Structure formats: structure tokens, C-alpha cells
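What follows is a set of structures for review.
Below, chain A partners chain B and then partners chain C, in two separate complexes.
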Partner chain A sequence: MTNTDISAPMAATTTKGRFSGAQQKLLAFGTLIVLLIGFSLASPNFMQTSNILAILQATSVNGILAVAATLVIITGGIDLSVGTLMTFTAVIAGVVLTYWGLPLPIGIAAAILTGSAVGLTSGAIIAKMKIPPFIATLGMMLILKGLSLVISGTKPIYFNDTPSFPVISTGSIVGDVIPGVPVPNGVLVLFLVAGLASYILGRTVLGRYCFALGSNEEAARLSGVSVDNWKMAVYSLSGGICGIAGLVIASRLNSAQPALGQGYELDAIAAVVIGGTSLTGGRGTILGTVIGALIMSVLLNGLRILSMPQEWQTVVTGSIIIIAVYADMMRKRKA
Partner chain B sequence: MKTIIEMRGIEKRFPGVHALKSARFDLREGEVHALMGENGAGKSTLMKILAGIYQPDAGEIFMEGEQLELTDPRSAQTAGIGIIHQELSLMNDLTAAQNIFIGREPRKAFGRLDERLLNQQAAEIFQAMRLKMDPQVTVGSLTIAKQQMVEIAKALSYKFRVLIMDEPTAALNDAEIADLFSIIRDLKAQGVGIVYISHKMDELKRIADRVTIMRDGEYVDTVPAANTPISTIITKMVGREVKDEPLQVPDTSKNPIALEVRGLRRGREIKDVSFTLSRGEILGFAGLMGAGRTEVARAIFGADPLEAGEIFVHGKSLTIRTPHDAVKAGIGYLSEDRKHFGLALPMDVRNNIALASLKSFTKFSGLLDENAMKKVAQEYIQKLGIRTPSDTQEVKLLSGGNQQKVVIAKWLLRNCDILIFDEPTRGIDVGAKSEIYQLLMDLSKSGKAIIVISSELPEVMRLSHRIAVMCEGRLTGILPGGAATKQEDIMHLATQRESMVIETDTDTQRRVG
Partner chain C sequence: MFTRRTFLGAVSATAVVAATGVAKAADKIYIPLISKGFQHQFWQAVKAGADKAAKEFDIQVTFEGPDTEAQVDKQIDMLSAALAKHPSAIGFAALDSKAAIPLLKKAQSEKIPVIAFDSGVDSDIPVTTCSTDNVAAAALAADKMAALIGNEGKVALVVHDQTSRTGIDRRDGFVNQIKAKYPKIQIVDIQYGAGDQLQSTEITKSIITAHPDIKGFFGANEGSAIGVVNGVKESKKSKIVIIGYDSGKAQKQAIMDGIMSGAITQNPVGIGYETVKAALAAVKGQPVQKHIDTGFYWYDKSNITDPKIAAVLYD
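Moving on to the complex of A and B:
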């Protein structure tokens, strides 16, 4: 290209592109800050350490599921089965630890591997059988819901024989190291999972292909990327993360509750969307998703403290989702 | 110079189309070999076979004497054959560098990416292209021309021995084209064989060594670019005879004017387009792909915005902002993509015909008057000769020709006096084509004003009472219909580029003119 006339507009577009990316995170983060300030002004109980820890604890499970959902959504897919997969892996952990009495590490591995295997199956149904992700994972959601009930005999499985199990979620390694900051392990797990997912997305081939698939799957295929295999890998990774969520929630309840799970997928998708990830794929960040999940639990917690009737809380959450997506669309239209 | 690629007896059929009939092609080391032909001549199909995107039904491909099995894009890439697509195939959310090396990212252990090396390698390619571009810029934020440059950089990064460029200059301005040509000359010097598909006649003289002409999926001739007059190439391109009966052009000059547009403008796509259309007249729009014909039609119909221009319908100045406005004024637009924009495929014939006029079938109670809809549908099925077992047949089960008739019925029922047909016979087999032609001529006799946009010259010539020719957004001329106008005249106007006139390439000018 000719030199002088290109460089100037090029520089302009570059900064614009980067600015809008930063602006996106700013938008979600700013909302979170505004909520935090607003609630602490409205109620002195809000900023108590115990309440903050409660918010973080409440975020952990939805946050982990939302991270799993983010990976899939960036590829331009959707996973409706994250909630019931979480429950299914919890039930599997219950079977391994309580029914079979095997040691804790085997129970943990079983939950995560089961999650990966189920994710791989969903991915294969989508990539090989060419069934749209919405349908494939809707089917998987119902299959897993049923299987959880069948395997557990519709009764909760308690982990009373594995005394160290609740530590996964409710213990506090951070609190042991730094007394006075008893951040529950469940939250630690969320941050570890988020950090790992963020690293995979930004720095590895798998992450690169997540964005490539969501951006233009056909172009990726024509460039020689084995689209089907990578798609299955992403769903499998996402499933494994659901397995981690299953362990965290089972540990917190000290039981696998087979009837739980449905509805979690929508909360997870809501967090992803609020965090600025595009439902059409190709764009999104894990940091945004974690902030999105935090916004949701801060909102619920704050409204509860302000004694808003519970039946109104979901009305607010629903409105927030619509406003968040609309703000995102407006931003994109301007860019 | 030795031959790198030889393709022989290539056959390819798509449903309803015999796209390639024993086509052949060869490419030498370090040459630019232009592939010319009208839209649908089979150029792109032949090259997609060479790039491994399509598999031929029959035929052989040799690379330096050895037979190639090209089963997918990857096998062609491995053999050293690359293609730059006409439609850009980039990932908008990734950066330029990430796009260039997609599928071949430099990696560290455990599947980690070496982003620094990636950007560095991309920067080296840009430098070799003398292109100033930040490897980390998001592709979606670049102009089409810059995106094209990323595509070219991507192709260069493979170090292909054979590079196919399908209309690479379609989105480029003159300075950018000059840059592209200097890159092509560098590649030639390195011994790369380049296949160059273009509609732009003037580019041939500047860049091509040899020219192969295709027509209707068949090989016509290969000529040296330097000493073959462009008029000869055009004749070979369009060389088929129009076998149909000669068109009787009625005198519509005394008919009232149904539609007049003055000074339509929008960016590079529509540049000062003005014309009139009388009642009972068929005005054909000819031009190469991307000439702006569809854009003009969509703008008149209110589907896309205009920057300037006036539209008069039956002498009255109208502001048309939405298709709804246009339909109210009696303008119907029949899209080239019937399945996406013209029909509700899973619904039946009756509902599709009534779709634009449901208001008139709504009873006072708010319910639809199914009996009236049925009666009208059956009337049109008979009048237009729509072949369907009943008016409750799903439209998707009809043939292309009959689907087109259903769309026509829909607009006739809506009382449209001005009908714009965009590629009315695309995807319709030969027999049904002449039925559609007859229908269009009957419509014009009944006083409808008709615009026909078509990329097939014989179709334009067979139907049009006058022929408007466009090139790069400008209306380059309006020719009389019938025997007075030859295909060469239309091709001449269709390739009359602004830049070509400015460059005053006298040699080319004299030969074409």
C-alpha cells in the first residue's frame, strides 16, 4: 500500500478498536461499583465483611458455570445443560464417595471427568450430527436431569462418610494463611477456574479457535482448521468446568441434590451476557463474565437487605439483562 | 517457462446446472494467467476445484506432471495451491496477524501460542508487501480494501507456488490496485504462477501474460494478453448466438411515464443515476457483478437509504424511506434471492399470494376470509399457469419457475404498477425461463412498467425495450432494445470504468472503441 495516506487512518482505527474493548469492561465494572456504592449508602449492613463474604460465596457456583458457558458462547454456540450437568456430576461424586466409599481424590476426578465426557458428547452431537447447539444441549439438559434422579433414586446423597468434603467449598485456605480474611474456598476455586479459562482463551490454540469459530466458522474451516474436533474440545472443557461447579455446590450443601440444577443455566447465561460476551460469538472475556456474575449476586443480596420482596427480585434481574444487552448493542452500533 | 498446473477434462454438475463441461486450463511458472468469462461461465467453479473446495465429477489435475488428488482445501494448500476468495473469508473479531496464521499459529509447549512471534512474522509479511499495517489491529475495524490486503498477506504467508486471485481488485481503488500489481510482479519474479480472475478488461493489459476465455462452462480459447485486442476477447466471451425469436420492441415513447428517478446517489455504489420508465415498457439493466444495479433497485424500493436523488411515480414526487412506502406507491421488488426475501417457504401457495395484501382479506371481525383468499389464489394459479396440485401446496415443494410465479402473483394482487425483477430467472431451468419471459412480456402489454435486472446478456437482450448499462455505480448509457444493439455494445458500456477513461490508455481505448 502507499505509505503516507494509510498510516493515519490506520492508527485511528486501531485505537478505536482497543478503546471499545476497554470501554466494555469499564461498563460492567462501573455498574458493579455503582451498585456497591449505592447499596452501602442505602444500608449499613451491606458492607459488613460477613455480607461481602456471603455475596462471594453465592457467586462461586454461578460464576464457575458462567465461565463454562462463556467458552461455548464465544464459539457461537450455547450450552443449556450446564446446570443439570453440574447436578449430574455432583450425583456421580456422591455415588463414588458415599455409595462406593472410594477416597476423595477419586471422587473429584470422577466428577470432572464425567463433566468432560458429557461435554464431549454434546460437542459430538453438535459437530458430527450437525444438530444446532440449542437443541442438542436442551436434549442433554433433560437427559441429565432424568439420569441424576434415576441414579440417586430421587433422594439426596449425603457426604457424611467423607468429612473433608465440605472443605472444598466452605473451608478457607486464605483464612488460614491470612487470619481475618476468611474467603471461602469455593470463591478461591472460582478465581482459579476463571484465571485458567482466561489463560486458555487468551494464550492457547484452543482459545484462539474459540474466537475463530464464533467469528467465522467457514473461514476457519477453509483455512484448514479441523473445526469439528476443536468444537468438541471446547464443549468438553466447558463440561469439565461444570464438573468443578458440581463439586463446589455438593460440598457447600454437603449433599448431592438430584432435583437441583435446572434454572442455573439461565443464570449463567445471564452473567455471561451482562459481562459483555456476544451471544452471536466471536467476542467476550472471562473477566467480564465474573463481573457479570458478581453484579447478579450483589443485586440479589442488596435487594434482600433492602427487604425487597423476593418475588420482585427476579423482575429486577430480568430488567438488568435487557438493559445490559441493549447498552452493548448501542456501543457496538457506534463502533 | 515450464508448466506447473494442468487441468484436463474437468466436469462438474450442480443440481440443475452443468457448471463445467470438459473444461481445461494450464498455468506456467512465473506467469499471470487471466481467466475471463461472463458471470456463470464457470471460472470460479474451475478455480474452486483447483483449490480443493469443490471436487470434480470427472477430470484430472497435474502438478508438474504428477497427478493431484485434491480432496479438501488443506490438501491443495499442502500441494502449494492457494486461493484468495471473491467473498472475503476473514474472522472479523480476530486481529490481522491472528487471521493470517489461523490454523498454523506458532506454538510453545502445551498448546500455548507464541503471540509475539506471530505478530513479528505478520509484520515481516506486511513489510515485504510494503504495507503499513499494525498486525494487532482487529480485522473487523478495517476497510474492505485493507481486509483484502490481509487476505493477500495470508496467501503470501503460505509461500504458495500457485496463487488464485478471484476478483482481487473489486474493492480496491486505483492506488491500491497499483500496489497489488507491484506485489503480483514480485511474486512473478519469484516464479509463482498466478491465476487472475477479473471482469475488468483494462487490468488485463496491465498485468496478464495470457488470457483463457470460458463460456457456459466450456473452454473457448487461450490467447496472449499483449497483442490480442480486447474486442476479440469480448467477442469470444459472449460468442454465443441468441436463438430466440427477435424481440418486437413496441413504441412506448407516447405512454405516460410511470417512474422517473433523478440523480440517485449513495457513496461508491450509486453515482448520479437518472432514468425514466414508461407504462408498458420493459427496461433492462445490464452490467457486471457489483455494477450497482441491485443497489439502485433496492434504493428505489426503500430497502436501503439514499444520500440524494428524487423519485417520481406517475409524475408525483415521492419520498420513499421504507419498502412499505414503495409498496403503497405501487412498486413491487422481486429479489434475486426468492427464498430469503420473496417467499415464506413453509407456507402454502394461497398464503404466499395473499401475504402482501392480507389487510384486504381481513373481515370486520379481524378474522381472515379464507374463502376469498382461496378464490383469488386459484384465479392467479390459472392466470399465470402456476403448476401446483392445489392452492394449499407448500411453496417450498414447487419448482423455481413456479415459485417465481407465486411471487409475481403476490405483487400483482397488491396492485403494483411498477415491478422490479432482480435476476428473474436465476436458478430456473431453461424450459421455465421462456415461460417467465412470456409472462413479463404479457405484463408489459397490459400496461405494467417493468425493470429487469439480469447478469445474463441474452436475457436482457431478449426482454428489454431499452437497455440501461451500469458500471461501478454509474449509468454508462441507455441503448435501444432489439436488433439495433449488439452484445459487444453492452459489454463496452459495462466495462467503461471511470479510471480507465482518466488513465487515457489510448491503445486500449482505440481497440475497445
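Moving on to the complex of A and C:
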């Protein structure tokens, strides 16, 4: 189904696209508020500082991946490899820091650069070899899943020799400044990444071309945009962001877990669509995506706090995704 | 805007219904179990044991686990939500002990007793561990394999994964026993099929193609074992000895039909029951022994209906 959506000819979403993004944000934001109020009324255990911080922490990795996915989806593409790329970069950080014993900044740079390089490769496969994004990144997802296991020797790599590594995700700069509000650094990283991506989308040439590619790739090509190169740039940027996600999850678990990652791309894509980004491309916002990711973790956490049986949690989450996208479609039809 | 209002309405209705439906019995003793999995019949059997204990002792128990045994971070989120509910005690089967330590320390500081179950937790925080000795159980499978193939020939293993404690223990338990006691038995291949029946079937068929004279297979969990059975059937080979692990309808049927020689069973219902029972004892301040061995058994056609065995098998 997703596939048809993407290969559907770039339905020329008009310039209205970007304005309606604001409305969708409002819709998603409203949903988030309603969920927060609903769960707070339902259980006194929900609105505790520690639980809210736990929700934010649970959002950090999916949020960063969703930001990466948003960039690609706006161009009318899709990236199924974000989850296993995250794992792959975490393993690379493990190799650099633990196996080779190099200093932390080199490990961080290695993870992000590896992510960009892999993203660039996916972009090249899509732009130069003309393989549809769904298939190219499906292949990449599996390649990375396998390579993570190969490189790590199928065992988790621990970061015990790099004591400052867990600080990236679990330390709290905010808590040092304002005692009592120990917002984990991983959450700050999410906000930083989101701010940066938002700036790139709204204020730079790369951002403008993201929307242009997603709205009408052919028109962009005809007006002299070197479509292939910009596409590769977007995938590379998205890959670098996955590298940041890899650092955050590895830091949180104090280990690179090589078998993890598959399935995380679907959570990321769900956050993107709840946030109002169109899977056909040309329309979307980073703020919407971050709210979408928050909705998913608030929902899951809230249902757990209410002790709802796990099988029903999944049913409710699935329903919310459909309702959110349906509401978005209804609104668009009216517009 | 009409659509938005209906949508928000629907969401809040869902939340309220959910709330009224579940938020009850707040004053009962509450013990959440955070498991390593949820959908597999094995985990459902552990859950059944926990539910049985909950009913018997009139307490509230919930049971949750991630979709796959690789999702360490999702399990941590579950543990964190469980702790937010200020439970009386908590049951935990760690996917990666080290990753869970900060939350377990939090539980300790809030005086919430932690009971480890299944593969345990590498830490001294848990009051006790209710688990199967997987190394010894897999060694028993190796002894049975040796006896069935006449102490010599080629065998292969189909294991669920390379990273989980049970995967490693069962593989090593089997392999080390063969190496130590049966020099004429050669282990020609060890492959991993994620506990997925179809993947394990394909793996089995390719091993048979590569080694037509193979004499035996050990499938290290339910999905792997059923995969081996299917693979041997599809290859139309008879006389290959298959030893499985755990139970389930398909595996029990394969043993009754004589396709599978026998299997090791843990006591999943017992794991769930003992975990809740130990948690309750810890809440009441009663002494709990440091390790509760929930046991394992060899079963085959001859004893599958034995009441003692039948009680620990699940469908």
C-alpha cells in the first residue's frame, strides 16, 4: 500500500501544501493535549515528573529517526533503512571506542560520518541506478542488519571503557542548571536535531529542493535543478541524523545491540504521518513529526500506566494512526 | 472544524473508556511482570502461570514484553512505566541486564523488590531468580542425541539467535557436551533462524542439501524445532533424529507422529507462578531463597501423557 502511495505520480500538491501544514500541526498538537489530559485524569501515576521524563526519553530515539525519515518522505521518497542504519552506526561507534580505544569525539564523528556515507550510498542507488526508494532502502536495511552482526561478532559491544559515553543520552545538562528537572540529554539532542532540520527545510536551498522534488520532480528537473545530486544530499543528511540516533540509543543502553533496529523504521514512519507529512511527498513539517513521535510515546506509556493488556495497546495504537491520517485527509478534501 | 472536534472527541472517549475499564482495585497488591517476549506460546504459558498465582493469592498482576528479544530499549520503556505505577514488587526477565541497571537501582531505592525470571538479571539487586538451567537442559539434549544416533555421525543445530542468554546457553550447553563426551560426533553446522518457523525450515533444508549424510538436528526453541521438523519433512528424508525444545501443539504432534524423537521442556507455567509467589513473599517480608530452579524434563512418545509431564507442556 505504501508502495503505491509513493510511486503514484507526484500529484501536484499545490502551494497550499505548506500552509495546511500549520493546520495539521494544530490537529496533532490538540491530540497530544487531549491524551495528556485524559491520561492524567485516568491515573494519578501518569503526571509524575519521573514519568514525563521517561516519556521524553522514550521519544528521543524514535523522534530523531522520524526527523530523518521526514526529510526523505518530503522528497517523495521513503527510507526503510533508518532503524538498521541507526544500529549500524552504533556498532561503528562501539568498534571505534571500545575495540580501538579511540577518544569519544572520534567515535561520535565516526558514527555520524558512517551514517552520512551510507545515506549517500542509498541516495546514489536511488538517483543513479534508478531503483525505487522502497526497494533500494529495503535492500540497504537488510545489508546493514547483516553487517551490524558481522562487525560486532553477533555480540553486544559495551562502552565500559568510555565512562563519559552514557552522558550523551542519560546525563542531564538541564538538571545541572535547574535541579529537580533532570531532562535527559537525549531529549535535548532530539530538539537540537529537530531545530536544525527545521532550519534546513525552511531556510536553505536544500530544504526548498526537498519540497520541489516531492511536489513535482519532473518540473524541478526541467527547470534546471540537478535532481540526482540534491536527492543524494537529502539521503546523506538523513543518514547522518540516523548516526546521531545510533549514538543516542547506544549511549542509553551503554552498548551497541547489533540485533536491534528492524521495525524501528515503521515507528518512525508512523510518527511522520501522524505529524501530517504526506507520504506522497511535497508536504510536511519537522514540528509535526516531533509531535507525532510524542503522541506515540504518550499513548503507549499512558496505556501501560492504565495497565491495559498489551494486545489491546497495539490495537489502540494502530487505530490512532488510522484516525489521525483519516482526519488529515478529510481536512484536505475540504480545503 | 467538525472533523477535528469529532476526532478529538473520539480520542478522549477512548481514553476515558480505557481509564474506567482498567483503573480498578487500586488498593490490591500489584505486581507487574516485564518479560522478554509476549506473543510466543512459551511467554503466554508463563503469563498463564502468573495469572493463576494472581487469582490464587487475590492480587493484581500484569504481563508485558517486547515484540522481539532484540528490542532492549522498548523493554526498558516498559520497565520504566511499570515503576511509575509504584508497584508492590516487580518481576523482570532482562534482555540485557546492564542496560536495565539504572532502573533496577531506582526500584531498589524505592524498596520495590525485584524478582528475576527466565534468564535472570546479572546483578545482586533481584531478591531471587526463577529460571531453568538452560546449559544443563541442552546438555541432556546432547546426551539423548548421542544415544539415538549411536554415538557417532554428523549433527547440526538450528538456534533462535546468537545474542540472547537462552540462545547462547542452549547452543553452548549442547555443543560443549558433545565435544566433551562424544568425540565421534561431528557438529557440522550451527545456524540461526530467529525462532521463525519458515526461516528455520529453509535453514534445515540447506543443511541437509550440504550434508546428505546428516544424522541429527537439535532445534533450540519452539520455532526452531518446528522449522527443523518441516525442513526434514520437505526434504523427504527419514531416519534423521530430531530433538526439540519447549512444547506447543505442533511439536507435541511431531513427537506423537514419531517425526521428532523427543524434546526438552521447561516449566513455563511454573516460572510465571513461582515468580509471582516469590514476589508476594518478598512484599510480605518472608524469606526467599536466592535461586528458584523451575526445572526441566526430557519428554518423548513414552511419557508425553504422564500427568507430571503433561502438566508442564503447553499447546
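Everything that follows uses one rule, which is that the second predicted complex is superposed on the first by the 314 of 335 C-alpha atoms of A that agree within 3 Å, B and C clash if a C-alpha of one lies under 4 Å from a C-alpha of the other, contacts with A are read in each partner's own complex, and residues count from 1 in each chain.
The working rule: a residue touches a chain if its C-beta (ideal position, glycine included) is under 8 Å from a C-beta of that chain, and two chains touch if they have at least 3 such contacts.
Since we're looking at a predicted model, the values are computed, not measured.
Within the superposed three-chain model, A:113 lies out of touch with both chain B and chain C [touch as defined at top]. Ranked by how many residues of chain A each touches, chain B and chain C are led by C. In the superposition on chain A, contact is made by A:39 with chain C only, not with chain B. Contact with chain B, but none with chain C, is seen for A:223 once the two complexes are overlaid on the shared chain. In the superposition on chain A, A:208 makes contact with chain B only, while chain C stays out of contact range.
In the superposition on chain A, contact of A:287 is made with neither chain B nor chain C.
When the two complexes are overlaid on their common chain A, residue A:300 makes contact with chain C while staying clear of chain B. Legend: residue contacts after superposition of the two complexes on their common chain; A:31 is shown touching chain C, with no touch to chain B. Residues common to the contacts of chain A with chain B and with chain C across the two structures: none. On the side of chain A, the complex with chain C involves touching residues 27, 30-31, 34-35, 37-39, 41-43, 45-46, 48, 50-51, 54, 57-58, 61, 149, 154-156, 158, 170, 249, 252-255, 257-263, 297, 300-311, 316, 319-320, 323-324, 327, 330-331, 334. Listed in rising order, the residues of chain B touching chain A in the complex are 53, 73-74, 77, 85, 89-94, 98, 102-105, 107, 110-113, 115, 129-134, 136-138, 141-142, 146, 149, 154, 175-176, 179. On the side of chain A, the complex with chain B involves touching residues 1-3, 5-7, 10-11, 13-14, 16-17, 203-208, 211-212, 214-216, 218-225, 282-283, 335.
Remark: chain C residues 1, 3-4, 7-8, 10-12, 14-16, 18-23, 32, 38, 60, 62-65, 67-73, 76-78, 80-82, 84-86, 96, 98-99, 102, 161-163 touch chain A in the complex.
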